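Have a look at this one.
Should a chain be cited, it is by its letter among A, B and C, assigned in written order, with residues numbered from 1 in that chain.
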Amino acid sequence: MDTGRELHDFARALYPICRSITGNGIRETLGLIGERIPLRILEVPSGTQVFDWTVPKEWNIRDAHVKDSTGKRVIDFQKHNLHVVNYSIPVHAKVSLEELTAHIFTLPEHPDWIPYKTSYYKETWGFCASHNQLSSMCDGEYEVCIDSSLEPGYLSYGECFLPGEHEEEILVSAHACHPSLANDNLSGLAVATFLAAQLARRKNRYSYRFLFIPGTIGAITWLAQNKDAAKKIRHGLVLTCIGDRGSFHYKKSRRENSDIDRAAAHVLKQQNPAGFLLPFSPYGYDERQYCSPGFDLPVGCLMRSVWGKFPEYHTSADNLDFISADALSESLSVCASIFDLLEKNRSFKNLTPFCEPQLGKRGLYPSTGGSSPELEVNARLWLLNLSDGTNSLLDICERSGLPFAVLSEAADVLAHNGLLELIS
Amino acid sequence: MDTGRELHDFARALYPICRSITGNGIRETLGLIGERIPLRILEVPSGTQVFDWTVPKEWNIRDAHVKDSTGKRVIDFQKHNLHVVNYSIPVHAKVSLEELTAHIFTLPEHPDWIPYKTSYYKETWGFCASHNQLSSMCDGEYEVCIDSSLEPGYLSYGECFLPGEHEEEILVSAHACHPSLANDNLSGLAVATFLAAQLARRKNRYSYRFLFIPGTIGAITWLAQNKDAAKKIRHGLVLTCIGDRGSFHYKKSRRENSDIDRAAAHVLKQQNPAGFLLPFSPYGYDERQYCSPGFDLPVGCLMRSVWGKFPEYHTSADNLDFISADALSESLSVCASIFDLLEKNRSFKNLTPFCEPQLGKRGLYPSTGGSSPELEVNARLWLLNLSDGTNSLLDICERSGLPFAVLSEAADVLAHNGLLELIS
Amino acid sequence: MDTGRELHDFARALYPICRSITGNGIRETLGLIGERIPLRILEVPSGTQVFDWTVPKEWNIRDAHVKDSTGKRVIDFQKHNLHVVNYSIPVHAKVSLEELTAHIFTLPEHPDWIPYKTSYYKETWGFCASHNQLSSMCDGEYEVCIDSSLEPGYLSYGECFLPGEHEEEILVSAHACHPSLANDNLSGLAVATFLAAQLARRKNRYSYRFLFIPGTIGAITWLAQNKDAAKKIRHGLVLTCIGDRGSFHYKKSRRENSDIDRAAAHVLKQQNPAGFLLPFSPYGYDERQYCSPGFDLPVGCLMRSVWGKFPEYHTSADNLDFISADALSESLSVCASIFDLLEKNRSFKNLTPFCEPQLGKRGLYPSTGGSSPELEVNARLWLLNLSDGTNSLLDICERSGLPFAVLSEAADVLAHNGLLELIS
């Protein structure tokens, strides 16, 4: 079966669930992810102190609506879970249109779309509606009802750990707290889940840790409870907005020149020359936490269209049509290539460093002199020339301009012929 | 009253005085400056050895003219003090036009302008005239008279020292030796004087030292007599040609990346995007001496039009019309901004370096999730992210691309909230 | 007599000889070079182990041809020595056209040209012909005859050592193994020979070592037998394809910023602004061996058109018309300028580092103030400013943008006046 289709189907299965940073929506989501990969689900009690933050009360919602005087549901949570401001406290009241309007968010510039709003840390209630909906509401009394609960409970997150040959880890982090929004971030959940499934099927040099967490508070909670484990992270990627048809954008880690940054740059150059590299900034998704100065982890963020820069962002238009099977599949492939590069990024030592070794007698060089070397021969020469103990394959790749895959294969051939020795 | 107008008026008051590197002209000039700011006037005897140089004899002039055979003053020092080659020795003689012409400088390409010429270290005499003047002189005998004196005396300069919280100093240096030339350098004298007056009215972190000195020999004299004091100079600016209507030019210090260079670059980018940064070169004004290798002080040079690059330079066309009140006022403001930046350039330490602190509970973060942060919020995030003890506000300013003023205010807010601690 | 003409005549004298990596052709070539410069000729026995390589058997050839059934020599070594695959083993046989064709190389895209082919390390035989020649050959039986020998003997190379004031050496290396090919590399042999002759006539700071060697195996042999001597090499140039009318190309050493790289860049910028700088790559001529990681010598490669990038490369069209007297002469001059720069690249210390010294009293500064300094004055100021013990003349040249020659002369003037002291 086609991988892109499978990815899209998985996003489709997750789409209707009303997720938030806590509650049954995220639990149900983790349950579906756990059907595909080995997933440990952790529950952290409300009130737990995590650095400067406190795990909030758990939020759940059953129903919500605004009824007009005829009893008609003019705004209905059952029709779209974006209709309620996420984390709204329960309310049941009769209000005038004027009072109600102060609690309704719309997008006048996109009158058919419903915005996505949250209020995690300030207790309030509200509705989101299309501007057309609001415009069609007449003066009069309305019944508002939000059947939600905000009570001590738990923050839930999922962790998939795949042990590798080394203790050193590659982190993949995707936020799982958004309700019916496809690109942000069902795309990230789907790609991360499929990546984990792929990696679980093979032996890896690195260990991998996949986190499916509520944004911000989830990353902070994980870091607070795993301060030592975080030290093992050698490379990391935050995945978000990775399913739309836009060009790739890779936002660099705080260090700006870590291996993950260079690996992502190389893979984009090779596979998606239209892709962009963005400098680090402290605003964004959970790379904000991983790259906080106390941790300063080499964690970048891979996107297609950049969050906040496309009109559908945080609206009901970020739906299943906005993401495509092809884009999801390509994103999965780019991630896999980045990790493949990191897996294969090794350093070798030239065992015959004085002059070139005679490649010809080993069948590694054309016997008739010509004018331009094959890619493979060129890769062999670059590897021999730069493998002086200070350069990794990625270093050689950057200096030579040759594709990493060609260099990696050539290094294996040279090592097999006793010309290079693996040093790390 | 309008500052630009005041600056121009001050330049106007200084304009008629016939200054030179020694003598009563510079004394009178220092006297007028001393009416506005606390100024210590120093007198260094002729013959004093200052490094490789010797303080020259003192030059004074009362009158000079060239009379034709009818007794008419065809060149008259009383009409313009540029008419005499500065530092001309006394002469009184009758000469033919041919002999005279060998002692007259003109500007054929600008036939109405009088050039400015000096001969400080070679004893000679000469006149400067407009080319039209020279052309209209017929053959015949002329009486030349320069009623000057060149005798042992003193080199005079003024120093305004404003003690600050720290011993470390910011140096402002302006040459005060040019006669009736407005941009070069009455503009520098006026701006430096007004800057000193402004800084004297407030408490400063740095101490400030303003030098009003004859060019070259004055800077050398000060450095020779203040070799230890020079070590306290942390930043410095030479001010010249700062009153015309041209774009700003900042010439970097020899180090090219000192804080003054970066501060000037930032202020120009913010306030005068049309401004230019010039690399250091060892030719120019007194930055030549401050940046000599034995001192290598971080002293740049701020100009509007670059000396030697505008046709009016060192001619009678560099007059009071060539400088404008608006330009002077803007120059004062740019200088003040540069010093303000240096005053406020501090380093902070993030006291909650592990993950972001919860800004929302302190009212420092919008409670409803949106898509792009306010400038202030963005500044807070950059400050928290980069305040790891290695970055000054200027470093953070350069990396983030945010205006220094916004970052500085945001740092104060974060420090007030206990999130940042001042470390230097 | 005109140097360009002499260079071209020397190439003409060498052109008819059938050279190879061993044998009498290269011996005869070295004999002609040795008539012009002091040349030591070394003979290394076949079978000698040189790092990973073995000195091959010696190859010599007397005659070769392909005769058609009428006895007509349709391919004739006597007409052009490219007609035989270099290092062909002896053969004498009758073959069908089909069998023969498998042993014939042509260039269909240039039907009049004969390609150049070698098979040093795989024993085989073959002919090269113009494509028109091959096309005109009818079916039938052909007699092939290669009257060559491949037997234990010697690898021959020539070394011209010119002792200088210092033990440190500048290396010039040119391969001498190509048969009748003018640009590659009679141009290199001629320019190197004339350079050596020029340098032998004067006193030099550096010692010079000129190597006239078979490509690859010759450089490897020299390095293997002179591992310690190689440590004295401070700068080096491989010369090839230096006689055609194309723009200069300088390929940097592996270090990319060694003095030879910077010197070549400066000379090209000054003398041949159309010249190009190429990054290092491990494919090319003998810089491959000198820049192998065990040696990592600062050796670049100077070319006009780049080998392999012009259609005449390694064909009979690389003949005496393809190179010109003017181009050879200009190449000689560029090489001489590069070495001249290296000879004169010294470091000085400013003996009056505090402020500028008074140049005027030493006649080194114009006595009348002007607006832009002479080149010489500017050079003096730059030298005084940057001669703090950390900068060579080449460093000062790069920072100031001034021509090296002007700086070098100015440094001598300042040193003569006691203002600078030579430190290295």
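Going forward, a contact is a pair of C-beta atoms (placed from the backbone, for glycine too) under 8 Å apart; a residue touches a chain by one contact, two chains touch by 3 or more.
As the structure is a computational prediction, the values presented were derived from the model and not from experiment.
**Q** For the sequence-identical pair subunit A and subunit C, determine the rotation angle of the Cα superposition and round it to the nearest 5 degrees.
**A** Roughly 120 degrees of rotation.
**Q** Where subunit A and subunit B touch, do the two copies share over half of their residue numbers, giving same, or under half, giving different?
**A** different
**Q** Per the centroid of Cα atoms for each chain, what is the distance between subunit A and subunit B, given in Å?
**A** One centre to the other, that is 54 Å.
**Q** Any chance you could list the residues of subunit B touching two or more other chains?
**A** Where subunit B is concerned, no single residue meets two or more other chains.
**Q** Can you check the complex and tell me which residues of subunit C touch subunit B?
**A** Residues 350, 352-358, 360-361, 367-369, 371-373, 377-378, 381-382, 384-388, 400 of subunit C touch subunit B in their complex.
**Q** Please output the residues of subunit B touching subunit C within their complex, sorted ascending.
**A** Spelled out, the residues of subunit B in touch with subunit C are 50-53, 117-119, 121-122, 216, 219-220, 223-224, 227, 254, 281-283, 288-289, 291-296, 307-308, 313-314.
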